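Several structures are given next for inspection.
Each of the two complexes below includes chain A, the first together with chain B, the second together with chain C.
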Partner chain A sequence: MSRGVLGLAGLAAAFLALVTLPLWLTQIYYVNVASQILFYAIFAFGVNLLLGYAGLVSLGHAGLFGIASYATAYLLAAGWGHPLSIIAALIIGLFSTAIFAALSLRTSGIGFIMITLALGEILWGLAYRWISVTNGDNGINVHTRPTPFGFSLTSAEAFYYVTFVVFLICAILVAIFVRSPLGAALRGTRDQPRRMTALGYHVWMIRFWACMFSGLLTCVAGILFVYYNQFISPQTLALTSSAEVVLMVISGGPATLLGPVVGSALVVIVKSVVSGYIARWNFLLGAIFVAIVILMPEGLVPGTVRLWKLGWRRATTRRPSVLKTGGPPA
Partner chain B sequence: MNFWILLAVNSITFGGLLFLLSAGFSLIFGLMRIPNLTHGSLFMLGAYVGATLIMGILSVQLDFWLAAVLSALVVAAFGALIERLLLRRLPGEPLAQVLVTLGISFMVADFCLMVWGGDPISVATPTHLVGFVRYGVAVFPLYRLAIIGIAAVVAVALWLLLERTRLGAMIRAGVDDPDMARVVGIRVSQIFTIVFGLGAALAGFAGIIGGPILSVYPGLDQDMLPLALVVVILGGTGSLLGSFVGSLIVGFLYNFGQALLPELAYFILFLPMLLVLVLRPQGLFGRQLP
Partner chain C sequence: MSALTVSALRKSFGGLHVTKNVDLNVEAGERRLIIGPNGAGKTSLFNQITGDLTPDSGTIRLFGQDITQVPAQRRPHLGMARTYQIITLFARDTIVHNVMLALLGLSKSRWNPFISLGRQRHLVEDARRAIDRVGLGHIAERPLAQTSYGERRRVEIAMALAQNPKVLLLDEPFAGLSIDERRDVQKLLLAIPRDVTIVMIEHNMDVALDFADRITLLHFGEVIVEGTRSEVVADPRTREVYLGH
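Moving on, here comes the complex of A and B:
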């Protein structure tokens, strides 16, 4: 059997498994874990667009995620309807992303990390201290979930299916984007920004649109998150949240379609399993981070594929490290 | 009137602490080309270790200044170990190095929470520095003046070290062009460890002498790291003068912001950063980012 057929069969099996998930995972707890995996995967898609395909590591994306969540919660609390709140949250999120991108894209590489980190922390500080809007440490409650076409999302299963549909749409959009000429140009700006400039591409503009798309996915995930938890607090915007999603992308494998999903599953499962036994997840998060960066810099999916190929054909493939800053400075 | 003077003194004091923190951050960045994301954690670790030594372990209570120097040494050793054992394994991969420092910062934060618990620990002001100095109508807290003095002394010492000694010349060579520095026989990797240790020592020292003002609490690292980042973005990386000016700007903005617009104090820091990024992306005193 050729690889393409195998891949298709695998995708079909995964799709079937996800569609029927609430049937064979009868405990509500696990259905909820599955919902979390899916919306965090959307978040990871967004971060992967920048980290994997553009070579820009953002440590401030939890800030954008939080803006969408807070905007939804705030507008709902102010008495707006669900559709209006969601649309307004997306617009506010995209507007913030544009500012975020305009500031952070002044640089690339390490400079980009520093600026996104500072921006993310400032947004966290705002959520924490701007008490008249965000209610500070107490956070904002969201009392109801929306009912699209009269379909109530109160139950875990219903929410799972909606998250699944949104996840599918996002995954397809990302797949189309990555295969599009713009996606190819984006990878070009990652590997050879100078040559891309010489070829007449507007490197900044390509990166900007990648940021906007990444921001859109992040905001969608943020809105799902706030409806899932029905609560939002500054903790969501903390540096640990940004780092968690970067860990999802790195562990799963940057610049792959499947990687963010695997990484999201890994982080969410480890987090919910581990929190049953030990109180301190952050220590383990940090340790996994260090271990993966040092031992498997290309991520779990490509890393496993590499080991698989190595055992299968004894082929010696060179370890490409996606974490190396791509190409010469612009 | 008195209010404004006191606020200005507080701003300069905070600027002094920030300078101690960000000078090391900026040097490490200049030399190794990575923002050391453990820097906030080193600050917090220094504060916790110092506070423990002052309150006493094994029924030995140390003098404040002795404890401060000791905790700076402990943190310096920890920093040098991170550099030797982890960052050294990832040569030429700055992105991976940054992520490793991020991972370590989480581990340190959790470790501190485990050992010292979630309650804030207040550090007593050294007894001989309690009180005020009067000058006309204005009163100045003695301890804050002492911090300003220490920061000034450290600034001069660092400047002398960098500009007037052989080691300083080697560090500057490493900052300017690490490859060429290697070619002329400077052991740049050794310099890396020394600078990392020195930066860590300054951060740890700042943590404990800031203790009587800020107290020590979980999350102190996350409060300080972005400030150090903003200082370096403002002042420019690898520049001592940049850290100095940046720290003072941030110290004033942060304190005046907190006094006048407490809810938006954090956000006010954003404005000068925005201006600098738009008009002079390399920072006020920095050269173009590598």
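Moving on, here comes the complex of A and C:
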């Protein structure tokens, strides 16, 4: 019981800290870092649905992320309004996800990794070469941010709060999904696909819906990303971006709710904050990943829980007294 | 009425003919034992009946309905359940979660992404009832990873029974069990009502023979002998290929 209360208290504290973040992090730079952590966490939620809960590793998700970003930027540049551009970007993103899923779900395991990798590379190539639409290497600028209900998102704080609200909605949706029957079925297809078929589940269709949900989260993150940077270029769709999110999930803890958030925080902080002090930040990030894989192969969140429980048990169980049983010979 | 009819079933992998023109007719309520030496094609036959493998030719009927082309995941919905020779369970979850997955597989709510699975009281209660039935009620909440081999065999059976099948396919339910455990499982199987048709692959003749109404002997993908228990045991071909002298 006390452990559950402790967890709730921790969540409440984290929530309060995030709500009041712009008040105690007065430098705009750090507020922006916090926004980045949150929308990359949404992206990582999406990748975690497949990697953690479905056992399907995608190395092409940056492509879907990029499609939503490019669609938003392109439609805005074409003169569409913000709400329409966002909705159209989501529709285009989901449609692309459906094609992506239909092609890659023909396999699982290594095959799935390779097909998603290939699809991601194709999308990157398109962004790079389809100059009439994507403006090639120069990318597309987004000049304004939306103003929902007359609330301007120009300031870092305002953008942070909107990102935070979207993040909360996504986190709650994921939390509901993983506890639902469909979530349980998805985990079942990860552990025993054959048995799931024999129990009456349509394994392919379950994985397909998981891909769609994952794609939705990825596109939401992509739209936040393009509004945050107010710029999109092919770099965003590169393989390294896909790999980075996969690493966020693996380092934070796959198939956990908090893992993607912790992983996103780790990568974003090392990339944007620590890189200001250490020129070889890539090396540092690599070293951290190696350390995680060696010390906590299950990821930071489950690993910390494991160590915490171990410490708790050590602290609460009394050691058997040696003296009572006679003691050592004098 | 026939519960399960297999006619002229053929399946080969390249030059290896695992099922050669197999005919099998199991009456409703019957207990059929399928025996045969290793590699006789017993599990391959099961896999074709459940839809894991597609036969090259021939038909499979369930209560008269041709299900040869019905996808594997639809067959449980038509009343077919199976257990595996090699235990195939969800090792990270509790026993109760394993059985709930079996129940959920036949429920419409398996597609629901919004409700909480743990709050589906009727599923939890039905799962507990199925677990009590196999005598594991006292450890229902235990993670599967902390259970013994014999207990897992019974979880396999609980999952199949939870689905209330009309035809139950048991692939070596006694494999790897101790004498005591075998007796427990035997009691469990004998308690299954006669409205369930059972087809069982088994090597443990001491427990399996008592159970069977009729026996089919497979050898190199072919039905060699079929008949009542005494007929098959007395048949010289059975002694030759299977029982030994």
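Criterion: the second predicted complex is superposed on the first by the 288 of 330 C-alpha atoms of A that agree within 3 Å, B and C clash if a C-alpha of one lies under 4 Å from a C-alpha of the other, contacts with A are read in each partner's own complex, and residues count from 1 in each chain.
Throughout what follows, a contact is a pair of C-beta atoms (placed from the backbone, for glycine too) under 8 Å apart; a residue touches a chain by one contact, two chains touch by 3 or more.
Since the model is a prediction, treat every value here as computed from it, not as a measurement.
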item	value
Which of chain B and chain C A:Ala238 touches, first, second, both or neither	first
Touched partner set for A:Gly200, first chain B, second chain C, both or neither	second
Which partner reaches more residues of chain A (counting touched residues only), chain B or chain C	B
Which superposed partner A:Ala184 touches (first chain B, second chain C, both, neither)	second
Chain B versus chain C as contact partner of A:Gln192, first or second or both or neither	second
Chain B versus chain C as contact partner of A:Thr20, first or second or both or neither	neither
Contact residues of chain A, present in both the chain B and the chain C interface	none
Chain C partner contacts - residues on chain A that touch it in the complex	176-177, 179-185, 187-188, 191-192, 194-203, 209, 213
Interface residues, chain C side, partner chain A - complex	50-52, 72-77, 81-82, 84, 88-92, 97, 100-102, 104-107, 109-118, 120, 159, 163
Residues of chain B defined as touching chain A within the complex	33-35, 37, 86, 89-90, 92-96, 98-100, 102-107, 109-111, 113-114, 222, 225-226, 229-230, 232-233, 262-267, 269-270, 273-274, 277-278, 281, 289-290
Complex interface listing, chain A residues touching chain B	57, 59, 103, 106-107, 109-111, 113-115, 117-119, 121-122, 124-126, 128-132, 238-240, 243, 246, 250, 280, 282-283, 285-290, 293-294, 297, 321, 323-325, 329
